[in-house]
Structures are given as C-alpha cells and as structure tokens.
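What follows is a group of structures, each given as structure tokens.
First subunit A sits with subunit B, and in the next complex the same chain sits with subunit C.
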Partner chain A sequence: MIRSGGTSLALTALVLALAALLPLAGSPYWQSIGISIAMFAVLTTSWALFSGPTHYISLATAAFFGVGSYTTGMGIELLPYWCLPPIAGVLGAAMAALVGLATLRLSGVYFVIFTLGLAELVRQIIIWFQNFSGQKGLYVLTKITEAQIYWQLLGLAALVYLAGWAIGRSRLGFALRIIGDDEQVARHSGINTARAKVALFMISGAAAAVVGAILAPRYVYIEPATAFTPMLSFQVVIMALLGGTGRLWGPVVGVIPFTFLWEAISSSFPNQTTLLLGVCFLVIVYVLPRGFVGLIEAVRRRVAAREGVA
Partner chain B sequence: MTGAPPTLSLRGATKRFGGLVAVNALDFDVAEHEVMGLIGPNGSGKSTTLNLISGALGCTAGTIALRGVPIHRLAPQDIARRGVARTFQLVRLLPSMSVLDNVRAGAVFGHRRRWGDDAEAQAMRMLELVGLGRRAQAPVGQLTYIDTKRVELARALAGDPKVLLLDEWLAGLNPTELQEGIALIRRLRDEGRTIVLVEHVMDAIRSLCDRCVVMSSGTKIAEGTPQQVLADPEVIRAYLGDDDA
Partner chain C sequence: MERRTILKTTAALAMAMGLMAAPALAQETLKIGAVGPKTGPLAGGAAVTHWPNIALWSKEVNERGGIDVGGTKYMVEVIEYDDQTNPAETIAAVTRLATQDGADFILAPYSTGLNLAAAPIFDRFGYPQITSTASTDRVAELSGQFPNLFFLLGQNSQIVGNAVDILSKLRDAGEMGNKIAMVNVADAFGIELAATAKPIFEGAGFELVYETSYPLGTPDLSPVMKAAKAAEPDAFIAWSYPPDTFGLTEQAIIEDLNVKVFYTAVATAFPAFKGRFGAAAEGIMGIGGVNAESASFQDYAARHTAATGAAPDYWASGMMYASLQILEQAITGAGTIDRAAVAQYIKDNSFDTVMGPVDFDENNNNPAYWTVGQWQGDAFRGVASTGREGAVAPMLKAGWK
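This part shows the complex of A and B:
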C-alpha cells in the first residue's frame, strides 16, 4: 500500500506549479474556473481524508466554510488579512473537534443528519446575533485580486496534499484504514477510534474553514444564506464520490469534470440546479459507485490480467 | 500462592441483558503462563465473559483486574493496550488488507507498539509462528477458513499480549486441521503464554488446559483440572441435561 512517495510528491508539485501559471493567461473566465477547481480540490480532498477511510459522510462542509467566511468578514476591520485564514483554520478545527466528540461515537446515519443540521444551526445563530446589531450581512472590502485568491487556494491545496500524503504513511493513516474495515477489530487491537476520527475530522474542518476565509473577499458582501448554503456540502460529497475516495488524487479527478458540468448546468438551467444536482448524485452512485478511481483501477486490473494470460 | 497478583482475576463479574443474567457473579483467577479453559454448554455465557474481559461489553457488577489493576471500566482499546488480546468466535479480519497488514495492525497498535520495519518483522514472525509465512501478501479474501483463523490469531499475538483470549478458535475445523490447530496452541502454551480458551472440543481441553472453569446458565459450576471437572457429576448433568444424571 505505501507507494514510493518521492515521485507522487514531485508530480503533485509539478501539477500545482503549472496550475499556478493560469492567471498569466489573463482570461477572467479561466481565472474563475480555476478558482472553482482549486476551491473544490481542497474541499473534496480534505473531505475525503476523513470520509474516505471512515465511511462517515459529512455534510458539514458548509458549516466550516461559512465560519471561515465570517471570520474574514468580521475580522477584516480589526486585523490584517493574512492572520485571518489561520484563525479560521483554528476555529474550524475547534468546531470539528466539538462536533466530532459529540457525534462520532454515533452510527453513520446520525452523523450525516447532525452534520447537515450543523450548518443550519450556525447560520441561525449568526442570524440571531444580527438581529441585535441590525445588520443583514457584511461587506468584505479588500484589495485582494482574483489571482491572489487563486494562488492562496493552490498553496492550501499543496498543504492538504502534503498532509494527506503524510497521514497515509503514518500510524494515524493505518489506524483509519483499520477503522474503515472493522471498527470493532480496531478497538480491540488497541486503536483509540474516537481520537483518530476526530483528528481527521478536525483537519477537514480546518481546511474548509480556511477556504471560506480565503474566498470571502471575492464575494464582497456575505450573508448567512450564501455563506452557509447546504448546496456546497452536497457538491463536495458528489464531486468526491465521482472522483473516488480510495486515493488521495481521486477527488480532484471528479472536481475537474464536475466544475465544467456545473458551469454548463447553472448557466443553462439556473432554476433547476438543485434538481440536477440530485440527478447527478443518483447517476454517480448507480453508474460509478467507486468513482473514477474505481473505474481506472478496474481497467488497469483487466489490462494486467490480459497481459498475464498472454 | 505467592504475593504477586494473578495475571487475570475476575470477582463477581456479572452481565445482565435486560432480564437475562448472561454472566452471574463469576470468580476465577488465571496465573501467569497458565492455560485456562472456559467451558460450558451453548449459551452458558462463555463469549459474554470474554467480552467482559476484553471490554467489548461493560460489567453490570463485579471487578476484573489485570495483574491487580482494575480494567473493567476501561474501553476496549485501553484494555488491549494493557495487554489483553483476543480472537472472535466469528472470525473478524480486515477485508481490504493483505494478510501481512492484518497482522501488522496488532503489531502497530497492540500492547507492545512497533512501527515501520520493526512492526513488519514482528508481523512476519507471527505469521511464521502460525504457519502462514508464505501467504503474507495474499488478500484475506483468498484464504481458507483455518487460514483466516490463523491470521486472526497472529494479529492477536503480534502485540505481545499478557493474556490471550481465544473464543472457540478450534471450532469448525476438519479433523486434520484440528490436529494442526491443537499443535499450534500447544506451541503457544510451551512458549509460556497466558491463555483463556473457550472451547467445546474435549480433546483440546484435555490436552491443552491446566485448569478449567465450567459455566452453566451464566454461573460457575465447577473449577479444577480438566480430569476433575469432566468427571464432576454436576458438569455432566449440565452438558447432558438432567435426565442423564
């Protein structure tokens, strides 16, 4: 299972370095697609770090993302921008720790529902506070350019891949694979399953919060309904499943085609996006239960088998 | 009896499932290097007793101590780390992993924790011990039934546990496999391991156990050497039913 680390690291670095050249093309359309892809690459990869091995489907992405957005929205008046994404990361990790400790002992179904409710809960709390202050939303006025947002997201993606690679080679990564196979065996082998799951959930929560913090300046005006939209959580799950969660590079394989598909859907059928999202989900689950990764590996195995016979 | 506490000691261990008392105020000790047989008819509470010791279930009442230190309130992972390892009556392997990785799980996270080459070498040693050295890279889905049992045993052994709990490890084997299985456990015994063995196979009990505890309906009805307990009229009655006594 432990793959030769050097080549995959070098390859990832190369791809990221090439991707970093995109703003030089000077096309606003491609810049915007690039931001979407980078954003979802981080969200899905960090999501899969936790959900891939544990099989716990988290719908909390929107909650972490929204908390990150609000960290920038509220902090920008008080602190220099550069310290806001790290603060958002800490807040996201802390929130994930609380949620994880409260729910990860429960079975998968309760976890899904709880995480879906979490975004709504945080959103309602913010709305409640806004009733006191009388504001509806926040203006996030900065001089940060689209290209800078994009580069920050690429930097974050590099961090997430590095973290995923390190975890895959660590005891923690091995523990999670065991938990994913049989939690009972994991516990009886001496693994603190709750701690391992919470640790990974914190990493994915922190990453999603940092993404929210980085993207807030792009939206200029943020309000609870957009910052905490549940659609985001579902998109992340769908893209990650489309790519496949069995490999670190799996989710991004789903992100790239889905981003283009989504672009087409939301420009052609702006009022049916939710419906079409649901349809995409069903199609993926039925046609590609293990995502592109599963497909690629099945093809590889077939080719290998044929060569073995010949 | 010297002053040192026994390796494992149960006092009044009790487990209730609603109205059913599956384990009723059970007392017994297991000394170091001892092989203790836990026997009794179906449904008498043997697996439940192992579940109490390994922490899979919490005790309703009573205490369980490992070398004098209470463990009955600990979570299974903490009990495992302190040196209690087990196999399951229905074999549980890690289906997505190779034989070696299954055993490595025990070596990495068990009582004595290892990592890297050290863990791999330990896992290989355990596979050699159970006679599976050559199948290390095989996926577990390809194994025969006895080999799945061997993998589970190797995984339990890989953390150098102080006590090994085997739940009907010999059940379901054919006569040839049974002889191999008994020989394997005898080898563990000769290595001086401390074992609690739940078993129905009388040959195995006679040849492997230093002492036996006999359970019936959750209660201990006899304790002693295999010869003593198997000759005990109450034990015979428990096994055969009242009519035959």
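This part shows the complex of A and C:
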C-alpha cells in the first residue's frame, strides 16, 4: 500500500464511486444492507488506523458513536443538520484526546478495560443528566432519507481512507509502526509515543462520533441504552480482526462477508441468532487469527514458493 | 422425440405449473411479520407481553379457519425475527420482511425506542403500525410524520395525573394525610414519570417529605426504604422498573412500612407479583389495571393461560392482544389486504377488543385506557382510567400480613 500509493488511491476512489451508485438500483433491501456495510466500513477502518499499528485494542467505539448520536439528538432542534456531524467529530476528537492523555500511557489490558468502561461511563453521565432534567429520550424527526445517510457514510469513508493513506506515508505512521513493534525502542529513538498514540486515537474517535451523528436520524429516537450498546464495540473489533488490521483495506474485507453472514444468520435462525453469532466469533478467532488479509498473503506466499521450486 | 428432450420438457412443464400454482396457494395465506427482542435487555419483557400474544393470536386465527377477507378465508403465517433489542436490527428486520419476505402485514415491534426506529420503514412501505408498548408525549407530531402509526398504551401525563387524583380524593375524604415519599429508578421511564409527577403532586398541595432516585439494577434497596420510613410518609410512590418493584415491596414488608397508599410502577400488574407476595400484595397500587369482571378479559386470560402456560399481565398484555384484534378486524372490515385501505379503516372505525372498545382519535391515539390498578383479591383491578368502564373503588393499604 505504501509502495503503490497512487494505484491504491485510484482503486479506492473507483470502488467508492461504484458503491455510490447503489441507491440508484432502487432496492430498499440492498440499501439497508449497504448502510450497514458503509457504517461498519468506516468504524472498522478508523478503528484499525489506531489499533492496527499500535496493537492497542480499543472497545470505546460505542462511547464515541453514542456521543455522536447525542450530538445530533440534542442539536437537531437548535442547529441545521449539516453542521452537526462536524461538531460531533470535534467532540469525539476532544473526548479521545482526554481519554488518550489519561490512559494511553497505560498499555495492554488496562487500556482495554478502560475503553470498555468508557461507554458505560458516558452512558451513566447522560442518565444522571436525564434524571436531573426529567427527559427520557431524544427525538430526531427529519426528512433525511436512507440514501442520503448512505452517501454521507460513503463520503466519510473516503475521508477516513484518505487520512489513513496520508498517515501511512507520514512520519507519524512510521512512528506508530515502531511503537507497535516495540514501544520501548520507539521511546529510546526519541519518538514522543504518547503524542503519536493520542493523535491517532483522536482521528479514530472523531470518525466513530461522526458515524453516530449521521445515523441518529435513522433511529428517530435516541436513548442511552441503545446509543451506547457495548455490542457495537465488539462487532467492530471482530469485523476488523476478520479482515485483518495490517492493511488499510483489510477491515473492509472483513466487514462485507461478516455483514452477509450476520444477515443470513438473522434471517434464517431468528431464535438462535445470538448463539450462532457467538460461535462465529470463536471460529473466526481460531481459524483465521490473522484475518482474511493474513489468509490472502499466506496463499500468495505459498504460490510464490511453489513457483520458486519449479 | 429423444428421451432427454422429453425429460427436459416434462421438467419445464412441472416447473411452470409449480410457478403458477405457487401464487394460487399464497393467495390463501397472509404473511404476518413479527419483530421483537428475543435477546438483549428487553427480551424479558417481550417474553411476557409480546411473543405469547402473537403465538396465541396466530393459533386462534388458524384454528377458526383464518381471517375473512371479502369472503375468502386467509390462514396466517407468522415470520419472526429477533432484533436483539437493537434499533439497527429492528430496521433491518422490518426492511427484510417488507422487501424479501413479502409480508402482507407487519406487527408493531416492542418498546418505544424500537417502534420509533421502525416507524420510517413502516411508513415508507405503507404498513399500518399499531403500537401497544410505545409511550410518548409527542403523539400528534409523530402521527403527523408517520400517518399509519397508532398508539394504544396511553400517555405518561395521564398515568401520573390519575394516580395523583386518587391520592387527592383519599386525602380530601380525610382517609390519609398530606405527606408523600417519592422515589424513582434513574432510567428512561422512571425518570420521565418522576419528572411529570413532582409538579402535579406539589400543585395538588402534597408535601414531598422524601425524594430520591436509585440506579437501575441496584441490588440493595433497604437504605431507600429505611430513609423513606424515617420520613413518616402517608403514601409511598415508586416510579419503578420490574427488579426494583419487587425489591422495594420486599423491603417495605421487612421494614413494615406503615402507609395508607403503596404504589410501585412497572411490573406491579404482573401475575408473578401476586405470586411472590401473596396476601401482602393486597392493596398495592401500580400502573395499568383491567376490568377484571369483564367477560371478554376473563375469557382472554383463560385462553392465554391455556395456550402459553402463563397468565397475561394486567396492563400491556391485553393491549398487545387488542392491537392484533384491531388489525384482524380492520382487514376483515376493509375486505381487502390493501394496506392503505386497512390503515384508513383503522382510523375511521371503532374496534371491539379484550380491553373494551377502541376508537382512535384524530392523532391515531387511543384515548381510553387504564391508568391505575390495585391488587384486590385475586386480580389487579383498574381503579382509574381515562374513559374505561368497570373501575372499582380504591382501598387503603392495611398492613403487610
């Protein structure tokens, strides 16, 4: 990706342009699946931007997503819709900066636990505030259509790719790969590891918050229990791992098959959905520890080796 | 003709006949979509109120030969999906029902949030959505945006207002004093009810001698009850959820709380509440209630128990079943499965249900519902409503034995 930067950018643009034609096909069913894929494409890719090189597993996606949803929910009656996703992005980045400064000096399991608790923390703060104000849920009644939501998500996906591509070629990206390999070495080489990690975490958090802001009109009614569902954080991690986090395009390779798998299980086994999804999680982790990217590269290596022998 | 060709022709003919036969068969069956939580935080509530009624209704409809549509009987085939208490999954499932499964009608999902998430999809495909578990104070605005969205359950302001009215009457009759202890669970419904109740209580001249909230899932409610008891209230009001409705009642028995009115909100109307507390439940008030003497409710309760192995609750169960009856009567009444005609029929007509007659107002809202019930004897009887018949007089809570 680093070597063939230009080609991969052009290819990404082509894929996004093709994807943008989906609403014109006119099938509401595929539109709905398209939104799901676009949403998780953004969430997993931005997640992997941070967690891929640094190996910090963040379970904070739901926290950022929820903050974004609440930004739209609270702002929709005061401000025009179009300025809410950017505000959500700024709030998401600010929250990521705070959390990052407090926790990214920690590593390993401490960070994982903190990010998991973050969604619950923000949710409880909102509930406390509601208990204070006496308001139950927020209504987001707009005329925004599913197609418009889909296009916004695609636009955001393009931004995230561009950011990822730029970071991969920058000093920051290089610094992050060193941190991922050995943080001690990175620090001794004069890299400000905390600053590098916080910067990436902010991008990741901002993207997730914007997704939440864009999707709020689709849910009509925003309440803490559904805006901050921990399930979302786990879905993002498992999809990114299924794809593989070593490449910028890796997570999307996981999102697409996983969305179809999810749809197939939901429609065929309505009484065992959660059980079968759990089994799939296990199978993915056992059979594909490095994701589809790892599988593709292993196959490629084997082919290369065979050619070498012949 | 070669043998292979004959085989091919036969196969093609059989396929063509199959294709022709398939729609003919489908004409006799109505596909009914059902979406609701089977897993996730709301699965427990849906297992009491949502799914048993769907099972009961579809079984009964098919046993009596189907739904009458313009003289033809249609059997019902229910297609169920688990939305995992996740609005994104509710949207996906309703879309799938509408586009992939070709559902003729889709039953309203469970809870306020999941119903509202699905409302744009119901609206887009023109399905009537008769909600029985959605509570909102913005009925007019919502039915303006989604013209096929109907509300059966009732408004919080009425539920709270009627409870305060009962207390006012008891006080004015000299049967109890002026002091109230009010607590609420710090979660969605509890927050809203408490916020609505406080100004109404104060406006009615009551003195709030104790007031607090506790987080959802608080395992030990004894400090709440001890503090409430120390304030020596005449009435104890809890805007509570199922776990704390049980927890607070248990603590009140332990502390032997001496009040004239003991009120807990959600789940007081569950048969399991009476099952747990037995004689101590006598005189406890809560949200909901039914006309327990009405033949149609007694008959419904008996059928529900026989078909699902559990008695219906005395609040939302009957409403959920009523929503299914309304849909069936509207399909028959309109004499067509055209969804726009059925939705219009629901707006224009009155329906006879297990909860009594239902006639939606201009905002698609059911104006007549039970607001306060009380355990009296073996049933949770309605003591206040917004226009239902059969209310019984409220009684004072007399001890915990």
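Everything that follows uses one rule, which is that the second predicted complex is superposed on the first by the 297 of 310 C-alpha atoms of A that agree within 3 Å, B and C clash if a C-alpha of one lies under 4 Å from a C-alpha of the other, contacts with A are read in each partner's own complex, and residues count from 1 in each chain.
Please note the rule applied: contacts are C-beta pairs under 8 Å (C-beta built on N, C-alpha and C of every residue); 3 or more make two chains touch, one makes a residue touch a chain.
On a predicted model such as this, the values are computed, not experimentally measured, just so you know.
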**Request:** Scan A:Ile178 for contacts with subunit B and subunit C and give back first, second, both or neither.
**Result:** first
**Message:** After the superposition on A, what does A:His188 contact: first (subunit B), second (subunit C), both or neither?
**Reply:** first
**Asked** With both structures placed on chain A, which of the two partners, subunit B or subunit C, ends up touching more residues of subunit A?
**Response** C
**Complete:** subunit A contacts subunit B in the complex at 1, 171, 174-175, 177-178, 180-182, 184-193
**Fill in**
subunit B residues touching subunit A in their complex are 54, 56, 75-77, 80-81, 85-86, 88, 92-97, 101, 104-106, 108-111, 113, 115, 155, 159
**Residue numbers on subunit A that touch subunit C, as the complex places them** = 27-29, 32-33, 36, 124, 127-128, 130-131, 133-137, 139, 141, 215, 218-221, 223-226, 229, 231, 263, 266-267, 270-271, 273-274
**Message:** Considering only the defined contacts, which subunit C positions touch subunit A in the complex?
**Reply:** 38-39, 41, 80-82, 84-89, 91-93, 95-96, 98-100, 112-113, 116-117, 119-120, 124-125, 138, 141-142, 145, 184, 186-189, 191-192, 194-196, 213, 215
